[in-house]
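For reference, the structure discussed in these notes is given below.
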Amino acid sequence: MSVLVCTDLNVRFRTDYGEIQAVRDFSLTLAKGECVGVVGESGSGKSQTFMAMLGLLADNGRATGSVKLDGQEILNAPRSLLNTVRGSRVGMIFQDPMSSLTPFLKVGEQMCEGLMHHQGLSMSAARARAMEVLELVRIPDAKRRFNQYPHELSGGMKQRVMIGQAIMCKPAVLVADEPTTALDVTVQAQILEILEGLKAHTDTAIVMITHDLGVVAGICDRVQVMYAGRVVEEGPIDDIFHRTRHPYTQGLLRSVPGFELDPTQPLAAIAGQPPAPDALPPGCAFAPRCGYVTPTCATTVPPLAVRPPAQRAACVLEALP
Amino acid sequence: MLSYILRRLLIAIPTILLIVVLSFLIITAAPGGPFDAQEGGDIDPEIIANLRAAYNLDKPISTQLFLYMKGLVTGDLGPSFAFRGRSVSEIIANGFPVSAQLGLSAIGVGLVIGMLFGVFAAMRKNTAADYAVMSLSMTGIAVPTFVTAPFLALIFGLYLKLLPIAGWGDGALRNMILPVTALALPKIGVIARITRGAMLEVSRANHIRTARSKGLPESIVIWRHTLRAALIPIVSYLGPAIAGVMTGSVIIEQIFGLPGIGRSFVEGALNRDYPVVMGITILYATLIIVLNLITDLIYRVLDPRIRKD
Amino acid sequence: MTGASPTVSLEMAARAAGRSPWQDAWRRFKRNRAAMVSIGVIVVLALSSILVPALSSRAIEDVHWDYLTIAPSLADGFWFGTDVNGRDLFVRTFYAGRISLAIGVLATGVALIIGVIYGAVAGYVGGWVGNVMMRFCDVLYALPTLFFIVILVTVLGAKNILFVFMCIGAVEWLTMARIVRGQTLSVRQKEYIEAARAIGLPTRIILRRYIIPNVIGPVIVYVTLLIPVNILIESYLSFLGLGVQEPMTSWGLLISQGAAELENAPWMILFPATFLTLTLFCFNFIGDGLRDALDPKDY
């Protein structure tokens, strides 16, 4: 049973220099309890995709398509409806825990206010749930932490609080937007462990937005790889890592230590830069950087071609036998 | 906290001393003395010499400064030159309550209306309502008080005969309305603009995105998560602004004939009544320093991050 | 204020093309209609303030005995009416504009020169010297601007516009110094300056290429906003009888004379007040426009 179904999501921004399309034809079906990784470089549109779903785009952003949560359309829904979804049925965690908590409110107040608002609970009832959650995200000395201000917590602690406040209402979906990027490596591992624990012990489906394939490998069931606003490859985790179809994914894997396709080869960066969003090449956006480029690539935008059982890749080479 | 306040007050003492010395030197360096006007007249030069001696003006500047400082410690700001028989302390004691009542009322009105305007405009950013409120604010800032004040007096005093156009009336509400309005209009404008800018600035912060992602209604996002951070620039503005209005709006007191110290200051300056000018300047400087301290204490309440010191 | 991740649009715009920040700023400024109109109005006002008194057949001090305190009238040729002394207010208002604008601009110039030099030295030298310099600024901040100017003006016995603008400028440079020092300091600590130092760029190139361009934006904005403040201060002084003296005149002086005759000759205050207000409006709009253009945030 899928909790979140997103079909043909497109996100555009009006800017001084005309319209820029940040996300193109993004589709995703998220099952209960599943963990999907969305991988891409910065600027690939991965964060904006989920911002758009929840109505958190900047003022100049517009989204089209369809996003259904438990069968209910939420894309571009009125704020009153979105506010019953956000924080209640969909929780979010952001990249920078340092600045993502309100500095002048106590940790406990921030954790409880969502639950109190969504479920009409009293402070003491919400506090009981917060204590539960603080244990779940492995914050020792929860009673003391509850009454502290964010600046009194370390970065890792703050990110745990962020996770905690996102799951206060037991959401059906948890969107984690680069949850480990701003943290030390050791702390990253702890945060991932907490998320893995959530996956194992709750029904919450997790979307893991990251640029780090290492993060994806540890926790995700499926992966979508985005490049220049478009999904270029998607499939079960094993297929993506071991039967990689798209040259961009191959490039990404080659550039991650520990995932080299051939361990004797040196790590390789992908040559060139991702295209500017208002100056995409007419054909495949990756063509200028691709080692397998063919003449067709410059003119055709390849569709996502199915490679059974469940893998799909958007590359002209897929059409070849 | 207490040690912080004490430390700040200790720093304040040399600042005030420096201001006293500085303004004393500027004033005494001026060509001509307070009794110059009479010198050309038919007053006996001996009388003038006696006057100068009585006010210690015949002594060297260093001695004058020393005597002045000595008086200052005991709260004695010296005698007024122009108003014989009145001390500067008396003049300030009479005028300051008037200026303070007037000024604080104006700041209060400005703060309440200005912040409401600012929050309203920020919530409706780039809409017609926003532009309307901001144009009004700009009008408040751009039209000088000495233009609004006479027009207010003309309309409500002379034509409609609703309110008195001059006089203090011991601070009666009727007498306060026009001067407070004239004084508050620019404050409303400035505070509305600061509030709007600060609200928009804060609304782009990551923690506001978090608050929205929690599905909190807009009212909670604004009043609980945004406004408190937005208060910081408003508080910064209020410190000096309060000191400014409490020591009297020179212009408004002049136009409405109010017995505040702003008027005493200008009269003092015109009559070369230095002790009055000095006294009011020192009062203002002290107020500024105290208010800056209060401002910093408020910052600590608003932002717990500053508290750890 | 609904957006939540607003950096994205600017980032994308910035990535979109290799335009210089100044071209970008000019583009944004041109789109600000209020600011563009304001520039036009200021230019027209400045030109007519120079030309009208020069071309008019009446001088500002001409007394028309048959036309004392007459209301504006096209038939008599007194478009703005006359004052109680029978002087033509049309010529006087424009002449006053010449004085008010000149004092506003010159006083700002004085403040600019003192403030930039002081702030740049304090920021560049840094260390305890810089700190002492800024402490001195803090002390001066504890003096009320208008009070300070009144003291200076009376002490210098200045009944002369040269003194008036010098005094205003001599007091109004504090904020300028702070801005320049703050910018210099903050830019000095930026990574790209460290990088420039690390690759051995000489100081003068670092100054010219990185520091000055960064300081110049806020300074331009502040200068534009300081001009109306100084025009206002001049008019306060003149209103109190401490500024421009007869037979010369300024908007503040005309307004003060008009305020005294408010009941029987409201036009006396109307025209100078309108012109003064319009000028203050326009400078504020231009300043706001420049700030939005040079420091784009999405409001």
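The letters A, B and C name the chains in turn, as written, and every chain counts its residues from 1.
Basically, contacts are C-beta pairs under 8 Å (C-beta built on N, C-alpha and C of every residue); 3 or more make two chains touch, one makes a residue touch a chain.
Source: prediction; values computed, not measured.
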{"item": "Most heavily contacting chain pair (counted by C-beta pairs in contact)", "value": "B-C"}
{"item": "Most remote chain, CA-based centroid, reference being subunit B", "value": "A"}
{"item": "Cα-centroid distance, subunit A relative to subunit B, in whole angstrom", "value": "53"}
{"item": "For subunit B paired with subunit C, centre-to-centre distance based on mean C-alpha positions, whole Å", "value": "22"}
{"item": "Multi-chain contact sites of subunit C, meaning residues that touch two or more partners", "value": "1, 3-7, 298"}
{"item": "Per-residue multi-chain contacts in subunit B, two or more chains", "value": "125, 209, 212-213"}
{"item": "Subunit A: positions in contact with at least two other chains", "value": "56, 59, 79"}
{"item": "Sites on subunit C touched by subunit B in the complex", "value": "1, 3-7, 138-139, 141-144, 146-147, 150-157, 228, 232, 235-236, 239-242, 252, 255-256, 258-259, 262-263, 266, 269, 273, 276-277, 280-281, 284-285, 297-299"}
{"item": "Subunit B partner contacts - residues on subunit A that touch it in the complex", "value": "54, 56, 59, 79, 82-88, 91-92, 94, 96, 99-105, 113-114, 117-118, 149, 151, 162, 165-166"}
{"item": "Residue numbers on subunit B that touch subunit A, as the complex places them", "value": "125, 205-207, 209-218, 220, 224-225, 228-229, 302-305, 308"}
{"item": "Footprint of subunit C on subunit B - complex, ascending", "value": "15-16, 18-19, 22-23, 26-27, 29-32, 122-123, 125-126, 138-139, 141-144, 146-147, 150-151, 153-154, 158, 196-197, 199-201, 203-204, 208-209, 212-213, 240, 243-244, 247, 250-251, 254-255, 265-266, 269-270, 272, 277, 280-281, 284-285, 288-289"}
